[in-house]
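Paired with chain B in one complex and with chain C in the other, chain A is shared by the two complexes that follow.
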Partner chain A sequence: MSEIEFLNWVRGQGFQIAVIIFIAGVIIRLAEILLLGRKANLAEAKGSEMSSGLRTIITRSVPDKSTFQRSTFTVVAGYIFHIGLFVTIFLFAPHILMFKDVIGFGWPSLPTPVVDALAVVTIIALLAVLTHRMRDTVLKFLTTKEDILVWMLTILPLITGYMAFHRIGMTAPTLLAIHILSVELLLVIFPFTKLMHAFTFVLSRWYNGAISGYRGVES
Partner chain B sequence: MTNKKDKSLLDKTGLEKTDVNRTLGEMLRSQGVSRRSFLKYCAATASMMAMSPAMIPKIAHALESARRPSVIWLSFQECTGCTESLTRAHTATIESLIFDAISLDYHHTLQAAAGHAAEEAREAAMKENFGKYLLVVDGSIPMDNPGYSTIAGISNYDMLMETAKGAAAIIAVGTCATYGGLPHANPNPTGAVSVGDLIKDKPIINVPGCPPIPVVITGVLTHFLTFGTIPELDHIGRPKVFYGQSIHDRCYRRPFYDKGLFAETFDDEGAKKGWCLYKLGCKGPTTYNACATTKWNDGTGWPIEAGHPCLGCSEPDFWDGGGFYKSISMPTENITQTAIYTAAAAAAAGVVLGTMNKSKKNSAVAAHNKTSIDDLEK
Partner chain C sequence: MSASLEKGVNALKEQVDSTVASFFSSCVHCGMCSEACLFYTETGSPTSTPINKTEPLRRIWKSEYTLLGRIGKMFGLTAKVDDALLAEWETVVYDNCTLCGRCSMVCPMGIDIALLIRKTREGMAAAGHAPEDLIGATRRAVTIGSPMGVKLPALMAQIKHVEKDTGMTIPLDVVGAEYMLLLSSMEIMNFPEFIEATAKIFDKAGVSWTISTEAFEATNSGIQIGVADIAAELVQRIVDAAEKLQVKTVISPECGHAYMAIRWDGPNLVGKPFSFKVRHILEVLDEFRQDGRLKITGKETQRLTYHDPCQISRRGGVIEQPRNLINMFSDNFVEMPDHGKMNWCCGAGGGVSSNERADEVRLKVFQRKKDQLDAIKPDAIISACSNCRIHLEDGLEEYNMDIPLLSLTETLAEHLAD
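Entry: the complex of A and B
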């Protein structure tokens, strides 16, 4: 297989396979969660579930004071790499072209050097997060193989993307193909790992807020 | 730069000699090429091939004293665009004179002979120069049914294998000969393959492009005549001197890519300002060729300078990249359709699985037996 054939495959069939697994996995898992239902609450409602639930989806994004003081590093580094991932994935011109091709519309991009710089910051933040996890006794004890796998497959598209953009080490078609392949790997494991939190955080936060709302207490 | 020996060689125009015995220097001289323009050509070739200036007299000497090498040119499944590119220069350039100065013993398009006489010329050239002639091939070879392309009743495969036997080296010209090209494009109805797919025991220089740049082929010939060896090749057989850098890395529009300034359509403000053509499907980032530096049409311009994205014609399978106007970051398949069908099927599967989970839960609840004090006292 020539490198252009490899590139054409990851852009074509490879991408198709990854998208099928990703979409099917995410939808089936969400359907299963939603259809599980909840036990009827026999207590009298003292407030609205919905408004408290929706509010909590937003408010839980802001760490409370004591949490921030206790784990400043986790919160800050976590924010940096999440924002970094959002920018590199959704605001880089070539990526927007891909989204436009698939979903039919695009949006304005950030200047390329900004995305480039943020990619480096994101890579550093992810490295720092893993170092912290491995040096903290409790976090290390709680770390599973899945955590490491997810970390690796998250940082891989960033590194390969950076290499493809700056054309480091290999020929351009190979670098680009490896980058796309690394994203496809991420898509494939996405529904079956904790990466699902990108979707389920909405459900769990809503549920937390709804419980408090029903009881008429602040969430 | 020149020594006396070189000059004396060039002075001997030797018009009395027969064409076959004349050296390349004599040939050029008789065509009115001045010493000055000849040396300029040697200097340009040396710099283009990244050689030291000390090599210029060596190139000049080697070219002047070289006997006209016998060249057999085979054309298979091709469009003659490569030959057009090499011969249809606007003016008689020194490259084209060098090209004229080789002993082109067989070439469908250019030779006067036809039919059996033409085949006899090929056989005679092969016999006379066995082991020494250069074989140039353009076009791919059909392996599905030999009848797809034959010459004088001989299949392309047979003719290639027979002619390759006595070749000193093979130059595959154009993307069809080097990587299969258009005939090889999906679904490849003729089973087209490249020269390199069939011949493994001869040095092969791949000069891809659709068509390749004329100066690249003469550069490769010059290298062969000067050193008697083939130039350093990259991992897919292309001379590194010409295919060492990507279009993207040498593109004069690169600063716009780096700044994120793109032409969105062929007639918007960005296009008029000469911004990057990435969004219009430019394959420059994944294409290795010399267009950005040597340019076309006597150096007047090249596709990107004319406002058209690079098609990536010097790379294998460039026809199968999902379309010339599709950016390289876009998928080549219809992912939208895949996504919609998958989502519909997954939603149905999710509902079924969810219902099954629920009925399992309900039956578990129904089957649950409550334990009473009486039970415990039993």
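Entry: the complex of A and C
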């Protein structure tokens, strides 16, 4: 397979397979959660489930002061790499062109040098997160193979994307093909790992807020 | 698989619903829950990280209710729940967790970790991996009617004392009374002043109330150990008594888990809505305050603080009422750092105080409460849970701190105007 054939495959069939697994996987995972259902609460309510649940979806993004003081690194590094991932994925001009190609519409981009710089910041943040995970007693204790796999497949598209943009080490088509392939790997494992939190956090925060709000407590 | 393990696994399976599945799907192993838990912050033991306590339930969810987990199970790749795991988790789940729910307030994914631990206990108890002391307390609750073995004659003796001291009559089994008061064994045995205080307040407020001789015990060991059937049976006794006496409101006394059991879990345990209301004593007193039924005289000038019992505040929703009431008789009320819904547990709820094996750790983690108290140096602490009160007294003694403990209801009664 020549490098152009390789690029064409990852852009064509490879991409299709990855997207199908991603979408089908996410739907299956959400269905297997929601179809379980839950029993209606028979206790006399003190507050609304719906509004409390919706509120917690938003408010849980910001920790209370004492929690922030106790988990400063996790919160700050977490914010940085999440924002970094969002910007590099969704606000980078070439990516928006790709989205426009696939879904038919695009949106404004951020200046490329800004995205480029943020990509570096995000890579550094992710490296810091892994270092913290390896050194902190609790995190080391909690960490599973899946955590490491997810970390690797999250940082890989950032690194390959950075290399492709700056043409480091290999020819442009090969670099681009490797970058796209790394994204496809991420899409394929996404539904079957903790990456699903990107969708399920809405459900879990809602349930948390609803359970608490029913008893009259803002959570 | 042994018969008891099978029971445990089945009990865990029954716990899985869409909340459980969304919670486990969302965990990213960030570890922030550890910092919300006094059993971690004061011991530094990573096994006490709240989400770790749910491991048996997580394994059941993963292997039975996820596509990948089910496929993995076919090839023997998905982690299983066995007796060794449950035996290892017994101390994690029962000795090092009070179900205080602070972790549930902190998790950035919104996982209600305390709910998951409560559900994990259902499997642990069914498989026979619950602490001996809790099993004993639960057995006494079912057979005798009280986890501490308090029978009706003991209550009657205390009531006789109160009647002699006050000259009042404690209304028993009064049909059609507005309120039916429940008591915890702890109150009957250690704090009969609570009965006296309540009687005085209700008399002044001019409301009709009663105690049922058939169902006076408010505590629910089934909730603590995690056996829904037993919890339901204990709730049903109260429901039957309340319906027989046709009361409008059942009052949960100064006890944390009792309120959770009867107010929030009760109807769900027995499977139908109650025909009466359930209120915590502090909610009732605050209603009296709003209606102008409480006439207070004299102010406490000493520096008072309020310890929020977890199941009453954070998990129960009774947060403002105690503050409204304290401000009626106090000029010098100070809040601890992290008060209200973010208060730190005393360290002995959720069955921990009934479990002798946990005595050492509950006193160790009291350091958290000590730090909170050191920050404001109060002259006295008010609480609204006998269990918190007993343990706070224990902890203060252990750490050589001389701060008296007061019951809110009792202190309020002392300030009633004649």
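The definition used in the following text is that the second predicted complex is superposed on the first by the 219 of 219 C-alpha atoms of A that agree within 3 Å, B and C clash if a C-alpha of one lies under 4 Å from a C-alpha of the other, contacts with A are read in each partner's own complex, and residues count from 1 in each chain.
In this section, contacts are C-beta pairs under 8 Å (C-beta built on N, C-alpha and C of every residue); 3 or more make two chains touch, one makes a residue touch a chain.
This one's a predicted model, so the numbers in the text were calculated from it and none came from an experiment.
Student: With the two structures overlaid on chain A, would chain B and chain C clash, or do they fit side by side?
Tutor: fit
Student: Per the overlay, which chain contacts more chain A residues, chain B or chain C?
Tutor: C
Student: Of the partners chain B and chain C, which touch A:48 in the superposed model: first, second, both, neither?
Tutor: neither
Student: Quick one: classify A:13 as touching chain B (first), chain C (second), both or neither.
Tutor: first
Student: Return first, second, both or neither, reflecting whether A:28 touches chain B, chain C, both chains, or no partner chain.
Tutor: It touches chain B and chain C both.
Student: Thinking of the overlay built on chain A, is A:102 touched by chain B (first), by chain C (second), by both, or by neither?
Tutor: Touch partner of A:102: chain B, not chain C.
Student: Of the two partner chains, chain B (first) and chain C (second), which one does A:172 touch, if any: first, second, both, or neither?
Tutor: first
Student: What is the contact status of A:37 with respect to chain B (first) and chain C (second): first, second, both, or neither?
Tutor: Both: A:37 reaches chain B and chain C.
Student: Have a look at where A:113 lands relative to chain B and chain C in the superposition and call it first, second, both or neither.
Tutor: After superposition on chain A, A:113 lies in contact with chain B alone.
Student: Once the structures are superposed on A, label A:206 by its partner contacts, choosing first (chain B), second (chain C), both or neither.
Tutor: second
Student: Which angle, to the nearest 10 degrees, do you get at the Cα centre of chain A between the Cα centres of chain B and chain C?
Tutor: About 170 degrees, rounded to the nearest 10.
Student: Nearest approach of chain B to chain C by C-alpha atoms in the superposition, in Å, rounded to an integer.
Tutor: After superposing on chain A, chain B and chain C come no closer than 7 Å at C-alpha.
Student: Where on chain A do the contacts from chain B and from chain C line up?
Tutor: Common to the two interfaces on chain A: residues 28-29, 32, 34-37.
Student: Of all residues in chain A, which touch chain C in the complex?
Tutor: Interface residues on the chain A side: 28-29, 32-39, 41-44, 46-47, 56-57, 60-61, 63-64, 66-67, 70-71, 74-75, 78, 136-144, 147, 192, 194, 196-197, 200-201, 203-209, 211-212, 215-219.
Student: Across the complex, what residues on chain C touch chain A?
Tutor: 16-23, 25-32, 34-36, 40-41, 44, 46-47, 49, 51-52, 65-68, 104-112, 115, 263-268, 271-274, 277-278, 313-317, 319, 337-338, 341-342
Student: In the complex formed with chain B, which residues of chain A make contact?
Tutor: Counting only chain A, the residues touching chain B are 2-5, 7-8, 11-13, 15-16, 19-20, 23-32, 34-37, 93-95, 97-98, 101-104, 109-113, 167, 171-173, 176.
Student: Show which residues of chain B lie in contact with chain A when the two form their complex.
Tutor: 179, 235-236, 246, 248-249, 257-260, 262, 278-279, 285-286, 288, 312, 315-318, 320-322, 326-333, 335-336, 338-339, 342-343, 345-347, 349-351, 353-355, 357-358, 361
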